[in-house]
Amino acid sequence: MSGDWPILDLGFARLDTRRGLRQGVPEAVLAEGKRPDQIAEIVARLVEDGSETVIVTRADEAARAAVRAAVGGLEEDAEARMVWLRRGVPEPAGTVAVVSAGTSDGAVVREVAITCELLGTNVTIQQDVGVAGLHRLAVALPDLRAADCVVVAAGQDAALASVVGGLVAAPVIAVPTSVGYGVAAGGQVALMSMLSSCAPGVAVVNIDDGFGAATVASRIARAAAS
Amino acid sequence: MSGDWPILDLGFARLDTRRGLRQGVPEAVLAEGKRPDQIAEIVARLVEDGSETVIVTRADEAARAAVRAAVGGLEEDAEARMVWLRRGVPEPAGTVAVVSAGTSDGAVVREVAITCELLGTNVTIQQDVGVAGLHRLAVALPDLRAADCVVVAAGQDAALASVVGGLVAAPVIAVPTSVGYGVAAGGQVALMSMLSSCAPGVAVVNIDDGFGAATVASRIARAAAS
Amino acid sequence: MSGDWPILDLGFARLDTRRGLRQGVPEAVLAEGKRPDQIAEIVARLVEDGSETVIVTRADEAARAAVRAAVGGLEEDAEARMVWLRRGVPEPAGTVAVVSAGTSDGAVVREVAITCELLGTNVTIQQDVGVAGLHRLAVALPDLRAADCVVVAAGQDAALASVVGGLVAAPVIAVPTSVGYGVAAGGQVALMSMLSSCAPGVAVVNIDDGFGAATVASRIARAAAS
Amino acid sequence: MSGDWPILDLGFARLDTRRGLRQGVPEAVLAEGKRPDQIAEIVARLVEDGSETVIVTRADEAARAAVRAAVGGLEEDAEARMVWLRRGVPEPAGTVAVVSAGTSDGAVVREVAITCELLGTNVTIQQDVGVAGLHRLAVALPDLRAADCVVVAAGQDAALASVVGGLVAAPVIAVPTSVGYGVAAGGQVALMSMLSSCAPGVAVVNIDDGFGAATVASRIARAAAS
Amino acid sequence: MSGDWPILDLGFARLDTRRGLRQGVPEAVLAEGKRPDQIAEIVARLVEDGSETVIVTRADEAARAAVRAAVGGLEEDAEARMVWLRRGVPEPAGTVAVVSAGTSDGAVVREVAITCELLGTNVTIQQDVGVAGLHRLAVALPDLRAADCVVVAAGQDAALASVVGGLVAAPVIAVPTSVGYGVAAGGQVALMSMLSSCAPGVAVVNIDDGFGAATVASRIARAAAS
Amino acid sequence: MSGDWPILDLGFARLDTRRGLRQGVPEAVLAEGKRPDQIAEIVARLVEDGSETVIVTRADEAARAAVRAAVGGLEEDAEARMVWLRRGVPEPAGTVAVVSAGTSDGAVVREVAITCELLGTNVTIQQDVGVAGLHRLAVALPDLRAADCVVVAAGQDAALASVVGGLVAAPVIAVPTSVGYGVAAGGQVALMSMLSSCAPGVAVVNIDDGFGAATVASRIARAAAS
Amino acid sequence: MSGDWPILDLGFARLDTRRGLRQGVPEAVLAEGKRPDQIAEIVARLVEDGSETVIVTRADEAARAAVRAAVGGLEEDAEARMVWLRRGVPEPAGTVAVVSAGTSDGAVVREVAITCELLGTNVTIQQDVGVAGLHRLAVALPDLRAADCVVVAAGQDAALASVVGGLVAAPVIAVPTSVGYGVAAGGQVALMSMLSSCAPGVAVVNIDDGFGAATVASRIARAAAS
Amino acid sequence: MSGDWPILDLGFARLDTRRGLRQGVPEAVLAEGKRPDQIAEIVARLVEDGSETVIVTRADEAARAAVRAAVGGLEEDAEARMVWLRRGVPEPAGTVAVVSAGTSDGAVVREVAITCELLGTNVTIQQDVGVAGLHRLAVALPDLRAADCVVVAAGQDAALASVVGGLVAAPVIAVPTSVGYGVAAGGQVALMSMLSSCAPGVAVVNIDDGFGAATVASRIARAAAS
């Protein structure tokens, strides 16, 4: 079942260097919880060994600096806390529409957008479309309805997920964000609200997990477009 | 500070028979947690002693039967689990609009509407206006915008509170309902979602607390109309 | 934005009779929280008014009996707690593979499978494939890898979601089930575990929400196959 | 339904510049979660485009400095973490009484008072009136009873909300504060306690949400006075 | 350290028959979680072996019936769910005042009062003294101030504990009750509220633990009176 | 990795008939969540196909009756909610001491003891050894110190786990039980208390999971004795 | 009811300067949540106005420095985070024994001991008496048994409360401490464990609330000794 | 029962200097929550008084520096946050296999490995074997199957515990780690997932409690090997 996929063993990490072949996703390294030197070594070995895009997510400045020092040719986005080496990105196919409830969801929106693009998907972005002013949503609707998959990023009560879920026919991937204060702080309310959505066709990922949402969304969009 | 208000002492209960004078609300007895014979005795004594409306809330069939056996002239609503004796209801003043997200919120809607009416408020009702079909809300909007106070009853993700909060200028009192399954069961998600609402002007009461919402709403509406 | 979609107003319910046209899903009535007579009237009016499939979910025996008494030509599944009238089901397109961790997840598996089929999707089923015996998963793998979307139903620690997520390239929709005892009772652990999955491409729906999972999955599968 | 309200699109934010006309509230910007440069740009554009008061809430020193650098004529309150440009504040109408349980609730009290005043409401303030010394409340009672709406700010067990709720006839808006230690830390106990209040006429907003409380309270007070 | 206290070994239970000598409390059997036949055998052996009062708490009708069938001379209280054999109750010394917030706290009040009396303490009772009507508390205050220890039983927001704590100089033992609905259901809010009390001199026992409160209170009262 | 272990496929269940060979445990069927007819069929097929002991756990009377009707030669224990067919139980090796804090933990104690015995371990039992009477523990100590592994079953505050953990040198497996009321109800407090134990050498299983504790304990004991 | 007690109104604080007369406790100021300048002003005014001991609790270095600068003659304890002015401390009467489970509970132990002493109680201290080494408790037992009230400070699983509760006849006041990691971090487990104690005569205060425990304990001890 | 074990009384700590004799574990000092000078004094006295290995766990740099300054001959590991004096480590017996799901679990892996080694156990280590790439586990399996006890360290959904639990016959001790973000942050999800594992033979310790896991595991392994 587990096949004969190669493993690069660094002692503290075992790299699965052919995941791209097996699952159609590039190598991704979650920086949070790893030391900068570990991240840098992992990225260097992946770059050395493989031929695919390598993405580092949730990387603070120290992590990104360590990677920059180890490998050349990287791109980087501080707001999204990402750094990546672009190699062999497939031709874009399908479209993911990313829509957010507020300006504060911007970091997650960027993580979704960059990841989708690196996975070979077209992306449209509509930010700050909270339901407390529905006319802002009206402007965004044509883009949302034209997409193969919609990603909704929202914190607080995350009501946007249900409203969008009731207006589009494509699958909706909802990302709760940790934006908010009081009971909304940390994103648990947004998460639970999205899971309780009365709209059909909404599935949810972990709090602030823009990368996870993008992975699902781009698979959906690429398959729909092929 | 506490004045010289009379108390009727039944041993197991001390009745505050002039609350109506002091706070403009009728006598209300929360049936849940009391034995039917206790409820009946409380109601009988209140009716005997006072001159105001007496309301029993959250009363199951056994409680309502005990009250019926003890006092004449009652009105009753099984869905709202209420029984009451109407006395000296003030002239209606102001309007409360009650709007619900789904059919399952019906019991709470009725509790709000009956209470508001007994407190001397006009009531309009719009049921099953979930945000997953916004065109249903469009039909309800004129009523909501005409009211002095809007009560929103919703379970699950309670997104309706935010959407309504963004569309009306009157104060919104939100009642989370225990409708829903999975994480939504019990109404905690609806409560937290309403408290996290990004719309201005929304305040919240306890889960399924239609009586509480109506008390606040009718005070607001009557004051606005006077 | 909300268009001119028709509404059937029953007082206690407002029926959105053209959702099928708008979102490609049949009419669905969540029975839980509604009285049997309400459910029956809603179904009768939907059947009378429209031309699409009508599905009632989470319907106990009393609810199903009321619907049976009101409308003819229904199909029913007691384990899945569903009753439905099949009308205009589209030609099957795309395949959803449903895989469960244990026998106790059977009710959710059936709800997913019936809904997918009514939405016009082919379905394959692999039950009782818990990760404590990986050789059982090996047998299931060809089916999972052939599908356009995989739905994983699991309770307890829901480890199956991560294991499957690491083995397939299609989007995975994970449904936590309320199966389990001690800390696992109610499905919160399964839900949180699925949201924390380290595998790429997994999105999650509410606990026991087979209908929700099927809605997302069939949209994905049909789009992929078109 | 959503009308033709203008939107100012900054890319990372869409400004709803006529909310004042629609809902009778000034433009408010929640600073928390936004970068100082974003906040400054939003405020500058609102000031440039509109004619209403602009309020920034939950703004730390960095956020306030950025706004000060971008726009002239501002007022500021460090304790309340607010900065605002006063334009076209309506004639004061109605009175909101703000009462707090302890000195530590001071920041929330100030946020309520400033917001109410900017929304055109008269404000009276009674601080440090905890129920462990009821004679302190006696002194405050005349002010509370004279108000059109009472805002109660309290942390820990928030018992003040119930005591005040039993003594006044006006609507009570309760703001739980995050003051306290041990189980009281963060304000969840105060929130839950206020939602469980046995006093009639109490509605609740999010933890530390002085702005939200003021929005509801001033709507109530202004309507009552008109 | 553990001395040579005798043990009666029944296999499923080991009876500590001289706890009265060691700790000044009678034998108490918690019925909940035990089978009626086990409870009856335990009580019979304690009665046979010892010379002290035996108390069975949290005993439903089946448990009480089994005990009645096994031992003669018992007293019983259905509301408090207690059955007991009175033997060698010490001369009353000291006074415990029991005060409750509402009629629904009656079962806990009775459990406290009966236990205190069996432990040799005088008891005064004041029921339904909720803080939403402070004048009811005024009537109770002389009794509370005269006691050596005050037990406060309250559900919902349990504000009574803080108010009483601010008015008396004796130690206050607070018992949260499971009375209430919505967020108050089960007594967690009352518990947390009591633990967060800003009044000095309040300690708390488990939810609905009238027996525990009485044990502490009677120790305090008897020591104070000696 | 997953080898070529046989699977018996019943559609709703896939039976892993050689787990005994692979992991040294008999076939075990968790009855909870399965229908009686499913359980009976599973047991019948396991008995027919294999040569090992078959154990059904958490089986209520209906489940046990169905199994009894399907297979002969069974043993059964109503308190432990178990039914089993004994086949090829290995020679006892090693000793597990089971100790409980109270009579109410009896069902878990029996589940541990029966399972250990069926897995080929000697068992000693000490019940009702709560720490509130340490002299009861003193009597039990020789047995506990003689064992190769100690299983501690306790509810409420589960203090027994720490006390035993400080007195023995063998590994301690702690089983929290759902015994208790108020905050202790359901066993979460016991679970968390055991996980927080300051004693060395304590590991914990799920609430009421006597079978799980026995599986670990008998592996430990048999290995130590070999 | 609330009498004519004097109030010192500072605007941000209302000082209850005769609490000592009314409740037998000195003036206490909770520093946490107040600004240093506020604390200093409160203390200065209390000292100026009254004749009793003034205690500041939970005061960090900045708070203590501000008080030192404002008032002379203070005593201070950095570990307990307290500063106080001793005036008119009553003759010691009664004895409180303070016992802790570990060295890390030292700050709470000191807060209890200092407060008890300032309230006029004798204090004995036994630290680091965790139940994982019961022989350490044996040494402490004579002191505990000689006291009028025992205060148990413990974090993690707080098993010490139950063990002590089973060994002494005096009331036990249990203080959960926030010591511990993993599930024990923050003290919730210790709190819940203490509330679930199976020992008679244990009451509990808030997490880390040494001052609260001392207030109750010294009242008990002084009353017992009088 | 508690014997005559010696105690070293430092006032703030009571040292149990013969635990090694009694329970076969060295002296261990939990640094977290103690001041560096306290830790240093405790270690110095243990070293002075005894003849066994002394281990300090969860020691940050300040704590380790204080110990280094007080005692010579120490070994130290910054990642594991440990410092220790090796004395009389027993001959290695038995083998513990430590396996982790990801690089971020490295600190816990080291704490387990160092502790096991100091307790006299052989250790093998397999890191970064997450179930999202099962082929990485295949490589590790021979080591896991050869061990007397397997320790699984995993965060997020901790699915590795179930997968390993299904593949080995030795007892599995699972350590949840606090690695992860969103709902996984802090390790509660990993903990609950491990407790809910459907695999036989898994017991769990506190979050990040590598020392606790090692204590249990080495006892198991040494007993199995003897």
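As written, the chain order gives the labels A, B, C, D, E, F, G and H, with residue 1 at the start of each chain.
One rule holds for everything that comes next: contacts are C-beta pairs under 8 Å (C-beta built on N, C-alpha and C of every residue); 3 or more make two chains touch, one makes a residue touch a chain.
Given the structure is predicted, the values throughout are model-derived calculations rather than measurements.
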* Rotation, 0 to 180 degrees and nearest 5, that superposes chain F on copy chain H via CA atoms -> 180
* Which chain has its C-alpha centroid at the greatest distance from the C-alpha centroid of chain D? -> F
* Asked: So which of F-H, A-H or A-B is the twin of C-F, meaning more than half of its contact pairs are the same residue numbers?
  -> A-H
* Furthest chain, CA centroid comparison against chain B -> H
* How many Å are there between the centre of chain B and the centre of chain E, using C-alpha atoms for each centre? -> 36
* To do: For chain B and chain F, let me know how many angstrom lie between their CA-based centres, rounded off.
  => 50
* Using mean C-alpha positions as chain centres, tell me how far chain B is from chain H in Å, no decimals. => 56
* **Sequence positions of chain B contacting 2 or more other chains** => 1-2, 102, 133-134, 137-138, 166-167, 180, 182-184, 188, 191, 195-196, 200, 206
* Residues of chain A defined as touching chain B within the complex -> 101-102, 130-134, 156-159, 161-163, 165-167, 180, 182-184, 188-190, 192-200
* Structure fact -> Residue positions on chain G within touch of chain H in the complex are 102-104, 106, 127-129, 133-139, 155, 179-184
* Residues of chain B defined as touching chain E within the complex -> 1-5, 7, 9, 11-14, 16, 19, 30, 32-34, 38, 42, 58, 176, 178, 187-188, 191, 206-209
* chain D residues touching chain B - in the complex, by the definition given at the top -> 1, 22-25, 28, 134, 137-138, 141, 148, 166-173, 191, 195-196, 200-206, 212-213, 215-216, 219-220, 223-224, 226
